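Below is one structure. I have some questions about it.
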Amino acid sequence: MSVQELEKIFQDKIDNEIRIEPKDWMPEKYRQNLIRQISQHAHSEIVGMLPEGNWISRAPSLKRKLILIAKVQDEAGHGLYLYSAAETLGISRDEMTEQLLSGKAKYSSIFNYPTLTWADMGAIGWLVDGAAIMNQVPLCRTSYGPYSRAMIRVCKEESFHQRQGFETLLVLSRGNEEQRAMVQDAIDRWWWPSLMMFGPHDSESQHSEQSMKWKIKRFSNDELRQRFVDMIAEQVKLLGMTLPDPDLKWNEEHKHYDFGTINWEEFWNVVSGNGPCNKQRLEARNKAWSEGAWVREAAVAHAEKRAARKKQVAA
Amino acid sequence: MSVQELEKIFQDKIDNEIRIEPKDWMPEKYRQNLIRQISQHAHSEIVGMLPEGNWISRAPSLKRKLILIAKVQDEAGHGLYLYSAAETLGISRDEMTEQLLSGKAKYSSIFNYPTLTWADMGAIGWLVDGAAIMNQVPLCRTSYGPYSRAMIRVCKEESFHQRQGFETLLVLSRGNEEQRAMVQDAIDRWWWPSLMMFGPHDSESQHSEQSMKWKIKRFSNDELRQRFVDMIAEQVKLLGMTLPDPDLKWNEEHKHYDFGTINWEEFWNVVSGNGPCNKQRLEARNKAWSEGAWVREAAVAHAEKRAARKKQVAA
Amino acid sequence: MSTRQLFAYVLQLADNALILGQRNAEWCGHGPVLEQDIAITNISLDLIGQARYLYQYAATLYNGFSVEEQHAVNALLPRPWKAFNRELQEDDLGMLREERQFLNLLITELPKGDWAQTTLRQFFFSAFQYLQYTQLQNSTDEQLAAIAEKSLKEVAYHLRWSSEWVIRLGDGTEESNRRITAALEELWMFTGEMFAPVAFETQAAQEGYGVDVASLKESWLNRVTTVFEEATLSIPKSTWAQSGGKEGKHTEHLGYLLTEMQYLQRTYPNAVW
Amino acid sequence: MSTRQLFAYVLQLADNALILGQRNAEWCGHGPVLEQDIAITNISLDLIGQARYLYQYAATLYNGFSVEEQHAVNALLPRPWKAFNRELQEDDLGMLREERQFLNLLITELPKGDWAQTTLRQFFFSAFQYLQYTQLQNSTDEQLAAIAEKSLKEVAYHLRWSSEWVIRLGDGTEESNRRITAALEELWMFTGEMFAPVAFETQAAQEGYGVDVASLKESWLNRVTTVFEEATLSIPKSTWAQSGGKEGKHTEHLGYLLTEMQYLQRTYPNAVW
């Protein structure tokens, strides 16, 4: 079959909402695009463990400590599913890890902001996971089978996290004066970076058009961002808090919330490595990886010894 | 002159309270004995920085933080004087350091106990420095000149530290219920180890007789210990606290306090490396030394470069 | 039955679980490989979960005490709670007692160290806890028996997991053997404390609600010997044991751990989180 | 004169000194060589001493405020103090404010790192503080002028000492050069904040009691350039600057530092030590 014919079969499947599976033929660019996107997503889960991990030792109650640890652990689990999905496309987890550690691969820029108070644990669940879900729900129907199946599991847990995050803030918002101030402060710091999580405006987005055609992506950045704003602008009222945007207001004509201008200079600065924690995050991952090298080597060496002994016994 | 004649001159000087100076002839055993004793004392100052250093970051007020830092720094200073005094006997500071780090040289066992509360800072000043001074004041008249001069400086500062320690406890003893409990608890933990600082009973002491003859030592372990008990048994009343010894009581006949039996098993265990913090203390010193190696090398390398450049300019 | 001793006994079990759980949680996000990051975090979750059951039970006990009984355990109560004017709760016990009131074994509070130290410590502790909780199932105290039973499945997993790592590192590379040998040298003197009963443990064993820890030593040594053989490690000769933890005399490490762990509860006393 | 701005201005100066002093004190007992252990500890003593003068002055200011003025600085006051029912004291300000109330430069709170990071950070800060305090001697506020004058001798020594170390490490061994270059990469983006005035600094400069920090940049760069030349180091091209410290938005490091530093004051509120 010619490449053109293969491409036709491939695109027909996609158009008919039939999932592409690892053994199916696929265009190289589709493969590359997916590897980039899935591994970036996996890296985000792994790096995303760090800002929240920063409060594990200081969680305010044993119950909250358990919830937080379990949540960060879930993120490790998500990383695992996603690395596995990416591996079906012919790249190894070690290769992906190297790309992360060397700074070649990206991860979500939101994790380059510091977590300064306990309320940040709530704000991350509510806003950051909220924005992530908005991006991710459509991916449950993405065209590549392993990715879509991984995303179904991820999304289920993420929406649980989002509810937990909101509940954390709700408790604080009913607490003492300092706790309430903590909530407002956390919202003030995380709101704009959360909006940036949807990526640049559609007009500036690099990969969008082709991704739409391949159904890797199903909604544009700006569409998803608008949905998110509409959702949060309502939920924030339940907390008795405000969003740090004087331009935010309901537009009766469009049935959406209008909102202010995003500081794209900050966005690009953080993407390009100048965020408050870029260095710190990568250093933490590099440290874990390099200090774990001898452990991984020992595990391999021992497994080999065992296998050799077994063979000997069998012989 | 024969060795016998030299020895006679040497002993005459000592008997007439004339100080031995670095260039004077001295018996090899005197030299070795002094090196052992002075370096052990220097090491004690250096290792002694660690238990108190443990509370610098957590000192309860800015004023107390300053006092504590200054005190620990003084100990570094004492270490310096003493290493210098030992160096006049023909051993280098690096050599002595190596002996400490390898575990070959000893340091005062008291520093192998942990500091568990802020009151320990007071108790160390009052009891540990108190016992040290009791040992050290006679050394201001020790026969070796550089050692005796170093000790004069050390003793002046140490007695200042002891007063500070007592004052720390006095403030706490007038504080709230928890602070008072802290003081009693600290006294309970530091009392017996302080008594052990005077070393084994005279009947068990290895180096005593010769040291007395050479006037390196002027009072026996048990004599000094008794003086210490008599002093502290009175001072503790000012704090409204008690010493953890049911057998402690004034002996009208001897005009001294009788006191209970020291747990020599614990003493020898700690001396031989089994104290709660022996490993930790040596590890801390080893870490500082090995992590500082590149700094020391850089300083030497730079000094050499400078010297070479100067020479070139001069030429 | 001496309620004072029971209260201390429950706290001691809880403190062991909490402090080791807190230590293991330091690995979360920093493990040597993702699957093991998850595994050690699981152990941490299990242990903190056990601590919660035990603190809840201790609080219930206390709240049901007579005035004299309450007075008798005064030294173990968190000071700030006394001003709260409400019943004792789990977090008061875990998050507001002072260092000298914590009764955990010293081995649980030591720094996490490298992977060898963490897994070997877990092995020593889990092998002990497995024996302790197995017997605790027969406690005359129903609550303790139930908590032991509920926890045993978790502990069995911790023991299996940590045994495997001890074997893997002992019989792995030269470096891993060197590291676990160093860890052994570090940790061995902290194992004796597990089997040296303090007053409230002796009482607990006598009254049938607690375990005679001294009697567990042989089985524990057998288990260690078996695993060490496969790991090509030898049991150290030294029998000197550090002690003090169960009486509130700790290493210098615990203070820092508590400072961090209790920070928010100390900063905002009696807030709801 | 806006007393609110003055209060913040004094606190900022104090916080810089305290936080860097606390960091440097971590070396005490752990320095690379005895003489330098003593030297860095001296710097720590000087800085904490400066912090005390400044907090004392801030407390005096506050205690002399009118009710409205006191109300205006409410956001900067330590919450627990409000229940103490006594005048504000230096330790309330240093030991009981929350992380978001600390106004120190981010560069002062970064971990001490290795000797290269410590000495280079000290050099960057001391070079700035020297210029700042030199001008502050002319402050229309007599107290500030006096504190600046008193501190300058110390700062001059810190600057000389740290310059020497930068040169020594830059022009020392290959390793020391590699390490100080790495430190430079780490720290450079935290230097810009020193010269970017926030609202209360602008006000302070306008009203004559504070220093126009933006105007110090050129002299600072000249000093750095001179020392770097001798140290065979180059000034990085990047001009991106981290900021936020002077507005209470810190790095993740400060929280841990404060947790430790404030532990006893939080555990025993309003006790006398």
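For clarity, chains are labelled A, B, C and D in written order, and residue numbers in each chain start from 1.
Note that a contact is a pair of C-beta atoms (placed from the backbone, for glycine too) under 8 Å apart; a residue touches a chain by one contact, two chains touch by 3 or more.
Keep in mind that this is a model prediction, so the values were computed, not measured.
Touching chain A and chain C alike: which chains?
For chain A paired with chain C, the chains in contact with each are D, in label order.
Between B-D and A-D, which chain pair is linked by the larger number of C-beta contacts?
Counting C-beta pairs in contact, B-D comes out ahead.
Provide the C-alpha centroid distance between chain A and chain B, rounded to the nearest whole angstrom.
Computed from C-alpha means, the inter-chain centre distance equals 57 Å.
Any idea how many Å lie between the Cα centroids of chain A and chain D?
Centres of chain A and chain D (C-alpha means) sit 37 Å apart.
Roughly how far is chain C from chain D, going centre to centre by Cα mean, in whole Å?
That gives a centre separation of 41 Å.
Could you check chain A for residues that touch two or more other chains and list them?
If we look for residues of chain A contacting two or more partner chains, we find 58, 178.
Among all residues of chain C, which ones touch two or more of the remaining chains?
98, 259-260, 263
Chain adjacency by touch: line, ring, star, complete or other shape?
Per interface graph, the chains form some other shape.
Go through the chains and record each pair that touches.
Once each pair is checked, the touching ones are A-C, A-D, B-C, B-D, C-D.
In the complex, go through chain B and note every residue touching chain C.
These residues of chain B touch chain C: 54, 58, 114-117, 178, 185, 189, 269, 274, 276-277, 279-280.
Sort out for me which residues of chain C touch chain D in the complex.
Spelled out, the residues of chain C in touch with chain D are 98, 256, 259-260, 263, 266-267.
Going by the contact rule set out above, which residues of chain C touch chain A in the complex?
So the residues of chain C in touch with chain A come to 18, 22, 25-26, 28-38, 41-42, 44-45, 48-49, 51-52, 55, 90-91, 94-95, 114-115, 167-169, 171-173, 175-176, 179, 260-261, 263-265, 268, 271-273.
Within their complex, state which residues of chain C touch chain B.
Within the complex, chain C touches chain B at residues 79, 98-100, 186, 189, 240, 242, 244, 249-252, 255, 259.
For the complex, give me every residue of chain A touching chain C.
Listed in rising order, the residues are 46, 49-50, 53, 56-66, 69-70, 72-73, 76-77, 79-80, 83, 118, 171-172, 174-176, 178-179, 284, 287-288, 291-299, 301-302, 305.
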